[in-house]
Structures are given as C-alpha cells and as structure tokens.
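See structure below.
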C-alpha cells in the first residue's frame, strides 16, 4: 500500500467513523480525492476492522461503522425497545425483500389477501422500503423495494445475502409460479351460494 | 434515525391450540391461505405432496363452523371455500380430458405452490425479526461529526416525509371539493321535485328526456340525471301520479300525467313542507 | 496480550464508539467486566488508533474517539446540526415535484395560501429546484422544476417514478373517501391542468 493509499484510507476511515448514518459509495467517492480506489480501500478497511469491537459493514451500496453484534450482552448500552410490527407488516417486509421489485398486487397475491391500509406505509415510514419506479405493464403499477437502511438495520450486506435467498430462488418459490388465480376463470361458482367472482376477481 | 424506528419481531403469532381443537377466531389469521397453512401445520398435512384433499375438507369444515357461529366472514374466505369445493370436485371426479377445465392435479399443485410460497415468506419474516438489529444488538456512532456536503443537502427530509406532506396537502385541498363533487350527481330527490313540477304542465305523453334538467354535461352526471329521473318516474307511477310507457326493448320511455289534482296537491304539500 | 484482554479491548472500543459523550474512566471501569486493566487497555487502544483516521483522545479523566485533527480541515467538518425544512417548504417542494413545470402562482393556488418570501429561495439554495424557463402566458411567469440533486437526495431515478395519487392512497399516505372522481374514467377528458397524474394514464 502506497503512502497515498494510506492517506486515502485514513480519510475514508474518518469519513465513515464520523457518521452515524450510512454513507453511499457515491457520496464517499465524491468526498475522496480523485483517483482514490474506493473499492480497494473499503475492502482494506473492512478487513482492518474485522476482528475489532467496531466493524465496517456494508448495506447494499452503502457503508457504515457499527459495533460488533456479538458484544451486545456485555455492552450494557441502553437499547431502544423496538415498536412491535404487525404480523401483516412482517410478512409484507419479507415479501418485498425477497421478491423485489414487487408491486402491491403481487404482495397481495402471495399473501392471498388484500393489504390493509397502513401496512406498506409503516414500512415506508421506517425507511425500510421505498418506491422503485413503475412496472412497464398495463396500469404501470408502482414497484417497491428495500432500502440500504433496511439492510443496515438487519445487518445484511446485500439483498442476495438474505437468509435462504439462493435456496428459495432455486426452488422456484420466488417466481410468480402458477398460483390458484390461474384456475379462477373456469369457476362456475355452482357450489357455493356466493358468487366467487364477486368483488375483485384478481384477488388470488 | 434507524434505531428510533425499529420494530420488534412478532414472535407470538397466534397459533391454534395444540390439543387439536381449532379455535375459531379469524382475528388471528391473515386471510384464507394463512388459515389453510395453519390447518396444514396443525394436521401435519404435507402441502408439497398432493394430499390437498383432506386439507380442503378441513377448510370447508372450518368455514362451515364459522358460519354456524354466525361470525362475519370476509368475502375472501368464501371465495376460497368456493374454489376448494370446485377443487374437490375436480379431484374426486375422473379426469374428463377436457382442455377447457384444469385437472384436479393442476389445481392442487397451484394451491400447494401458493401455500409453500406463503409459508416460506412467513418464516423469512420471522427470521428477519430474530436477527441482530441496529439499535438493539449493534450500534451506530454515538457522537457523529458532521461533514459539510457529505450528504447533498443540509436539510433533513425523507421521501416518506415529502410524500406524506403532499398527501396531506392534497387531502386538505380535496376536503371540500369531494363534498361538492358528490353533489354534482343528480339525486332522485331532485328528480322527484323537478318531475312533479313539470308534470302539471304536460298532460300528453312526453319523452323522459324532456324532463331532464337543462345544460347537463355529458358523462356520469348526465347519466345520473337520467337514472334518477327514471327512478323518480317509477316512484311517482307507483304512487299513481303518472303513467310510464315503453313500447319496445330499449325504446324511448314516455311519461304522462295521470291525475292533475293529485299532482298539484303533492307539489303544494312539498312547498308547504319546505 | 491475552484473549481476555483482547476481548476487553473490543468491549472498550465498542463502548467508546457508541457513546454520545466523553466517557469518564470511572464509567468505563464500571462498564467493563471486573478485573479488566482499564489503564493498560486505554493505552493499547490509543496506540492502535494513533496513526489512523480516527484517534482516541483524552480530555481530563475522560475519553472519546475523534477524527484526526489534520484530517478535519480536509474533510470540512462542521458541527452544524442538519436543519429541518419548514412544512411550507416541504409542501412547496412536493408541489413542484408533482406539478412541474409550475409557476409561483400555481403553487399558491394548489396550497391555497400565498407563498411567503424565501420559501422558493430556500429550496433553490438547497439545490432542489431550479427555474425552468418562462411560461408563455401574460406576465411570462417563471416556471420551476426539480433538479437532479433532488432526485439524488430522495433516491428517485426519475420524476415519473414518484408515486401517483392511487399509490399514495394505497400506501395510506392519502386518505380520502373516493367520491365521484373514482367513477370518472369514461367521461373525464377535462383533466384539471394541475392534476399531477395527468399524463400517465394509470389512475383508473
């Protein structure tokens, strides 16, 4: 490592150490002198701190120093009592995380029930999910995805590192697959007094 | 910011009683698929295999039980019941080989897929909540130092805040407007008044169109006026105050006054009350 | 250094990192497991960080991590607490974003109150809005629109990716009893000029 690199490393370290918030790679690149090898510096810094009480963690395209999770029991730091997330919100968060980008209608299809008002917005307010542009399909529905703050909060470096992601993908459980909605059209509804197609036909 | 907005995991998901007696309480469920999933777990029914039939029966029994107790049931649950009934019939009847209708096997596979997908997501959600969490298990820098222009602005506003404020602003702006807009629709009360006033001067058959208010815009407001006037006409006909005639299907509708005296009295009473 | 010492060092490091204030030696001694050699640990930690971008500094009998002084200048560190944008400014910003290009008079019309002096200035200085030419109407009023810095700050790729009214409603951000507007589909044609969603036909 050259002296210049070492100097860049110190600058990067100071930047990250001073911030409580995540810093995106774009912001870091802007702050470092031109020609600094950000990727290399981040990797070096991360390994410098790997065994320390404070670690450099990655969350998507952002980075931050965080205390090492395994120390928590002995730190006696006052912790927040997390607000309780509703079951619907937990499920929705998981669906957004694993299926992103995902539309509201798709979330509803996976859960098999319509999303009540406030479920998405509580996650949005927490800064865990955000709009991710529109789908290029009829109706141009809004896509939702998770944020770097979500990854940071749960200590995940990258969306692909979500637990079980690989397996779920391989098992085809993250595809839209053939859901029962595919077999709704033929339903003649003779069995039940209630017309199964009353209301939104695209529930399932 | 992140630590003040953190949430606990929901580790106490409502579970059915372990002794096998299914407690009918829809509050605990997140829709019909969730009920099916709970039933499958409870009865150790393998959703990946095609042992869907007993599951369908369980669900139908569950729904019947809920309805017997006269609990209000969301349409979603009934839709699922209808679907499962259909699935049952497809599973029990021999395959007719018709391309039109799905086989029971296909339907069962689709249901199994959806159950499995939801189960996986429910587990993933719980796993997420059980992870080490920022502000709970690990921490940010306690005494941050601020860099100028590290972030692109010195102001703190989140996208959520921006959208929430805009939503509130629109709602405020729309508050009165919505009310006024609702009144744009021509009500049956209006039509009744207008019809009663006009009928006195029209002893001969007149097209329904003649009774519509003038200067109506096209579209929904106009249609509402037409519908309201027809409804008002039917109401007055029921009261014996006018006659309605339509000679052919979709043909024009004509109204005629029936009893001049009665109509006049009615108008008078109306204005007395006003 | 023994493993126990190393563990104590990590705890000390995490404590100092996560603390909002200087920590006195007395507090540190209380927080560390019994038998920890505080003086030795502090000396070790200070020397670990001596050449780094962040230093462990002592003030009286208290300790804290601080950015290395020679880097402070290069990094342009300010003690400024980020300011909150006034509600009027946030509202104005949102209106510019949704209705752009939009004139001052139109913003006032949407908000229903006149815009106080300085509201647009604040947004302009923050780099979030900019003039977008003049309207070809009497008085040739100035049009305003959002900047790329605005998109950056809010993490949006394109202005068209802002959630539409229906999305806001679905996310619980805009509740309203849908009245006649919900049934306008077939006969509107006369979209209001300020309708943020005019243009993308994804509303109904």
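All chains are identified by letter, namely A, B and C, in their written order; residue positions are counted from 1 within each chain.
Note that contacts are C-beta pairs under 8 Å (C-beta built on N, C-alpha and C of every residue); 3 or more make two chains touch, one makes a residue touch a chain.
Worth saying up front: this structure is predicted, and the values here are computed from it rather than measured.
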Chain closest to the middle, measuring from C-alpha centroids that were averaged per chain: A
Most distant chain from chain A, judged by the mean position of its C-alpha atoms: B
Chain pair that, of all pairs, has the most C-beta pairs in contact: A-B
Between chain A and chain B, centroid-to-centroid distance (C-alpha), Å: 30
Centroid spacing, where centroids are CA-atom means, of chain B and chain C in whole angstrom: 36
Separation of mean Cα positions, chain C and chain A [Å, integer]: 18
Chain C: positions in contact with at least two other chains: 14, 17-18, 65, 67, 75, 77, 152, 155-156, 162-163, 171, 173, 175
Chain B, residues touching no fewer than two other chains: 139-142, 145-147, 151-152, 158-159, 164
Complex contact set, residues of chain C against chain B: 14, 17-21, 64-67, 75-85, 87, 90-91, 93-95, 97-98, 110-112, 126-128, 149, 152-156, 162-163, 165, 168-169, 171, 173-177, 179-181, 183-184, 186-188
In the complex with chain C, residue positions of chain B that touch it: 139-143, 145-149, 151-159, 161-174, 178-179, 181-182, 184-185, 218-220
Parts of chain A lying in touch with chain C, wherever the complex brings them together: 9-15, 17-18, 26, 31, 52-54, 65, 67-68, 71, 74-77, 104, 115, 117-121, 124, 130-134, 139-142, 147
Complex contacts: residues of chain B adjacent to chain A: 1-10, 13-14, 30-34, 75-76, 78-83, 85-86, 89, 100-102, 106-107, 109-111, 113-114, 116-118, 120-122, 124-129, 131-142, 144-147, 150-152, 158-160, 164
Sites on chain C touched by chain A in the complex: 9-15, 17-18, 31, 33, 52-54, 65, 67-68, 71, 74-75, 77, 152, 155-158, 160-164, 167, 170-173, 175, 200, 202
